[in-house]
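Okay, so chain A shows up in both of these, paired with chain B first and chain C after.
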Partner chain A sequence: MATWQRANPLMRTGKLAAIAFYLCFALFPLYWLIKIAVTPDRLIYTEGTALWPSEFTIGNFTTVIWQTDFLRFFGNSLIVSLSTAAIATLIAAGAGYAFSRFDFRGKRLVIALMLLTQMFPLLMIIAPIYRIIAAMGLLNSLSSLILVYIAFNIPFATFLMQSFFDGIPKDLEDAAMMDGCTRFQSLRKVILPLTLPGLGATLGFVFTAAWSEVLFALMLIKSNASMTFPVGLLTFVSKFSVDWGQMMAAGVLALVPSCMFFIFIQRYLVQGLTSGAVKG
Partner chain B sequence: MTASHRKAPGEIRARRSFYWTHVVEPYLYLTPAIVLIALVILVPLVIGISYSFQSIMLLRPKEAAWAGLDNYVALWGDRMFWIALENTFVWTFGSLFFQFFLGLGLALLLNTRFTGRRLFQALVFLPWAVPTFLSALVWAWLFNPLIGPLPHWLAALGVLSEPYNILGDPDLAIWGPIAANIWFGVPFFAITLLAALQSIPSELYEAAEIDGASAWQGFTKITLPFLAPMIAITVMLRTIWIANFADLIFIMTGGGPANSSQILSTYIFTTAFKKLDFGYASALSVALLLLLFLYAVLVLFLRRKVVRV
Partner chain C sequence: MARLELTGVEKRYGAVEVLRDVNLRINDGEFIVLVGPSGCGKSTLLRMIAGLEEISEGEFSIDGKRMNEVPPRDRDIAMVFQSYALYPHMDVARNMGFSMEIRGEGTPARRSKVAAAAATLGLSALTARLPKALSGGQRQRVAMGRAIVRDPRAFLFDEPLSNLDAALRVEMRLEIARLHRRLDATMVYVTHDQVEALTLADRIVVLNGGIIQQVGTPLDLYETPANRFVAQFIGSPTMNVIAVTPAEGGVRLGNGVLLALPGVSIDVTELGIRPEHLDLADPAASTMTGIADVVEHLGSDTNIYAQVEGIGPLMVRQHGHVALRPGDPVDIAIQPGKAHLFDTAGKALRQA
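And now, the complex of A and B:
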């Protein structure tokens, strides 16, 4: 296909236009977020729609960090997302390994159940979850949120890990087992080191998902002390909806962890995600 | 273990290891996942379905009782439900249409060679990593004429009579979240379709080129038939996912103004979250689940008829 397109100058211009279009479409909203965040308050309305602010400030960021609760929200979100990512990845690695290496009774049933959880509206269980957690006295606790997020993310993470395990030749662990390793030892010493990129990618996906989740967090967390970042930001928006600069500065801060993980995982996206995404 | 020493070598050990590797050992690795999914998702799912036959309003705890089909009768007569159903179609297929075609275009573009392709790929996939609540807020701000450029651009193009916020206009409000959803969802389609494109053997294109086929023929005769199964399954899963996806609408418009952008999933969330009417919210969820199930069966049936792989 490449040769066809190189031959035709019209196609080349079209291609450049398409590249420019996709870049603008993808980046403009983020550019705007950052632009408003660094515009001084007094210029926001007068230069509201100018593409480039005439002055810059980092005042919005310092205000948000030091004079609001966002640092705490950020910490809460970090605790929730990191614990969710670590535990879900560990559990999913076990399940993915079982799917990849064993042929066992009930395999199809378990896979079907996991697929089912990807299909039905998760909002369906918001009422029962709320009542169960309220009955256990765990409302407003981060651990209840972590538990719920882990369960939500296991199916997708499992299919993702399975596709990474599938990519590692079975001969490797057969050889290790022949040399006297038990299966678990060969998993730990031979297979896991090889699948580190896969583990990293899965961690990233689960972290991003937990970092973004908002509806269950809204339902289960009401107290200021244990709000996660999205809930805190939404509360902030509905209370102080004129502090544009500060809201957007908070938004930029929310973007940072996801983007860091994204930069790390994005090269595994096309090879790793697809088999998992299509199944899950 | 001790028993196996007495048996002839191989015999029992083989059967034991068969039992071990096919029944016990896999479940050692699977149990944590199964237990968590069962406790946190499947059990609440069943409880949720049972809620739809009860009257459970947290604000009026004394009236909690079995209500038979009352919730479903109320649902049938609820005008909001039908409005939300119609909006669900607009939301789902409006988003899906643009996500798919823009995603396909992007995948085809990324499948060619040009300088800076890797950087380009990282940048255009970025929206996908943006947390959904933030995408919603960013787009809500972009549509706000005070600080966002979009109303002014739309007015300049003649789409709007004057720069006002379309999120406050009952006729247009739903297109705000749809725009955000397109922005957020294009990378997903691009990623999936790109992987499918890369699995097409390049020899096919070389052979076609030698035989004098045009680029368009290469696309319709090789690319599309290879992509078709992937497209069918991705579109189906994505439709279900989008129909369930309430975050963007809930944050951007809250279903308003006057419920003009309320879809079923936001209606479920609002009923549970604001009215705390768990019985009715569960009945709505069951209705949505049945609709999605019907849709999946229909698509799988059509796929079997049309795509013969």
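And now, the complex of A and C:
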């Protein structure tokens, strides 16, 4: 690869240009988000298409944080997303391990059913979910969201975890059991440390999915007190105006946890923890 | 130290029979090699001894105590895996001391035992490394160290050398032989490499298709194979097998020559002769004539692949250098008393 790059400077430049172009394309909306967030309100329309406003302000951020319900939405979202991520990952890890290591009756059926659940558009099941949650008396509560998100995320998270467990050689467990471990001990001392990247990835995936979900949050939550962040963003749209600056500032703040999460788990994702386990 | 005993042991996966009626006594301190082609059930048998596979039928006992239902951790047997199966997140020392860690033994005891094992295996300088920073041979040593540290009743080896290159394999083979002599422990070793089997074993168990073909010392198997499979599996290069017909006072070869073999059974259909038991002879003394097809000069030996009239391809191994070239005519004689005879089923026939 390296020699190929050195041999063809033209190809290399072309490749870099392509990557740069793609990055600009993908990141431009984010840039626009930040740009509007730091633009003073009176300039939003007059300098609408300028790449950078002539005046810079952090007023939108302070207003959002101190004078709106933003912090509450943020807190609610954090509770929902973290609980969903933790519980869904825990269940998915157990299920993924079972799918990866054990042969049991009905295994194929369960896998097929789980795949099936991924095929329906969410819009189709909004009404039934609403009825169920209403009947359970959970409308307007964060737990309703946690419950629904967990249910939706488990299948994919399970497949994700299963593939991580599949990547851990079975010999390692056998060796641990020969070394005196019970199955649970081998799971805790050998398999679990090796699955950390997988757990991190699954946590991150479920967290972001729950963090940005808007459809069910909109349907199941009406009261301001338990609104999550994406729904809360809509409160910046009033009957007569849209508070663009504050909305964008809130959006920028919403990116922070996701970014932090990925920076945190990135090192687990890139390094192959099992390297050196078998053969070589 | 332990005596392992398998009585009528079978293994089935659903309707598929993997091992049938395995009866084997492994004596205390004995080095047993299970050998056979891929899929013959040798690894499964080893894993059953380890406790990693269930025993479908029959009984396995250690020192007379039934082990069928005992989980691997309570059998006090160590196993070295083909893949080494080192714990990638633990350094060498912790890998080796992991069994003691699980047993809850204190750090000082652990450290001294690991250090001793590391010293014997030449790993002392590497104890702080992770497995990924080791070469294949070093990983192999760590895997062995992990077994030694435990001081188990028996050692199991599952093709431990098959991932190493040829030179390292010879070196590690010697190491395992030395280890066995020093520890004097019961060892069961699985391999498909008959050279490993012949050089390491006190006794070899030859398996094919889930059935034990023969159990015996390396020399037993070489000199008196029980059937054609064992005859062809043990020994390198492979034994020549040619079709013969019974005749008065001997057998008749395909080229019409009568080979005098007193007391031959009339059931004989095939004759086996090892390449090293064929000689290049004077035309007057020879029983077969042919053309040299390929000649391999190995220095110490010369392998001659010959096309023999009326018989087909034969391989002859001669000691030292033989000045022969492809296309040259060869005259071949069978060394007296070295021929093996088989019946239609491949069973060896003893000469009276």
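Heads up, the rule we're going with is that the second predicted complex is superposed on the first by the 239 of 280 C-alpha atoms of A that agree within 3 Å, B and C clash if a C-alpha of one lies under 4 Å from a C-alpha of the other, contacts with A are read in each partner's own complex, and residues count from 1 in each chain.
Keep this in mind: a residue touches a chain if its C-beta (ideal position, glycine included) is under 8 Å from a C-beta of that chain, and two chains touch if they have at least 3 such contacts.
Keep in mind that what you see is a predicted model, and the values were worked out from it rather than measured.
> Using the superposition on chain A described above, determine whether A:I111 touches chain B (first), chain C (second), both, or neither.
In the superposed model, A:I111 contacts neither chain B nor chain C.
> Identify the partner contact of A:D171: answer first if only chain B is touched, second if only chain C is, both if each is, neither if none is.
second
> Is A:Y45 contacted by the first partner chain B, the second partner chain C, both or neither?
The first partner, chain B, only.
> Looking at chain A, does chain B or chain C touch a larger number of its residues?
B
> Touching A:I34, do we find chain B (first), chain C (second), both, or neither?
A:I34 contacts neither chain B nor chain C.
> Which residues would you name on chain A as touching chain B in one complex and chain C in the other?
Residues 273-274, 277-278, which sit in both footprints.
> Show me the residue ranges of chain A that touch chain B in the complex, using the header's touch definition.
Its residues touching chain B are 1-5, 11, 15, 18-19, 22-23, 25-27, 29-30, 32-33, 36, 44-45, 48-49, 51, 91-92, 94-95, 97-98, 102-105, 107, 110, 113-114, 117-132, 147-148, 150-152, 154-155, 158, 183, 208, 211-212, 214-215, 218-219, 230, 233-234, 237, 244, 247-248, 251, 254-255, 258-259, 261-263, 266-267, 269-271, 273-274, 277-278.
> In the complex formed with chain A, which residues of chain C make contact?
Per the stated touch rule, the residues are 50-52, 71-73, 77-79, 81-89, 98-99, 102-103, 130-136, 139, 146, 150, 163.
> Quick one: which bits of chain B touch chain A in the complex? Just the residue numbers, please.
Touch list, chain B to chain A: 21-23, 25-27, 29-30, 32-34, 36-37, 39-45, 47-48, 51, 56, 102, 105-106, 109, 111-114, 118, 120-135, 137-139, 141-142, 146-149, 152, 183, 186-188, 191-192, 194-196, 198, 205, 209, 214-215, 218, 230, 233-234, 237, 240, 244, 246-247, 250-251, 265, 268-269, 272-273, 278, 281-282, 285-286, 288-289, 292, 296.
> Where on chain A is chain C touching in the complex?
169, 171-172, 174-182, 185, 189-190, 193-194, 273-280
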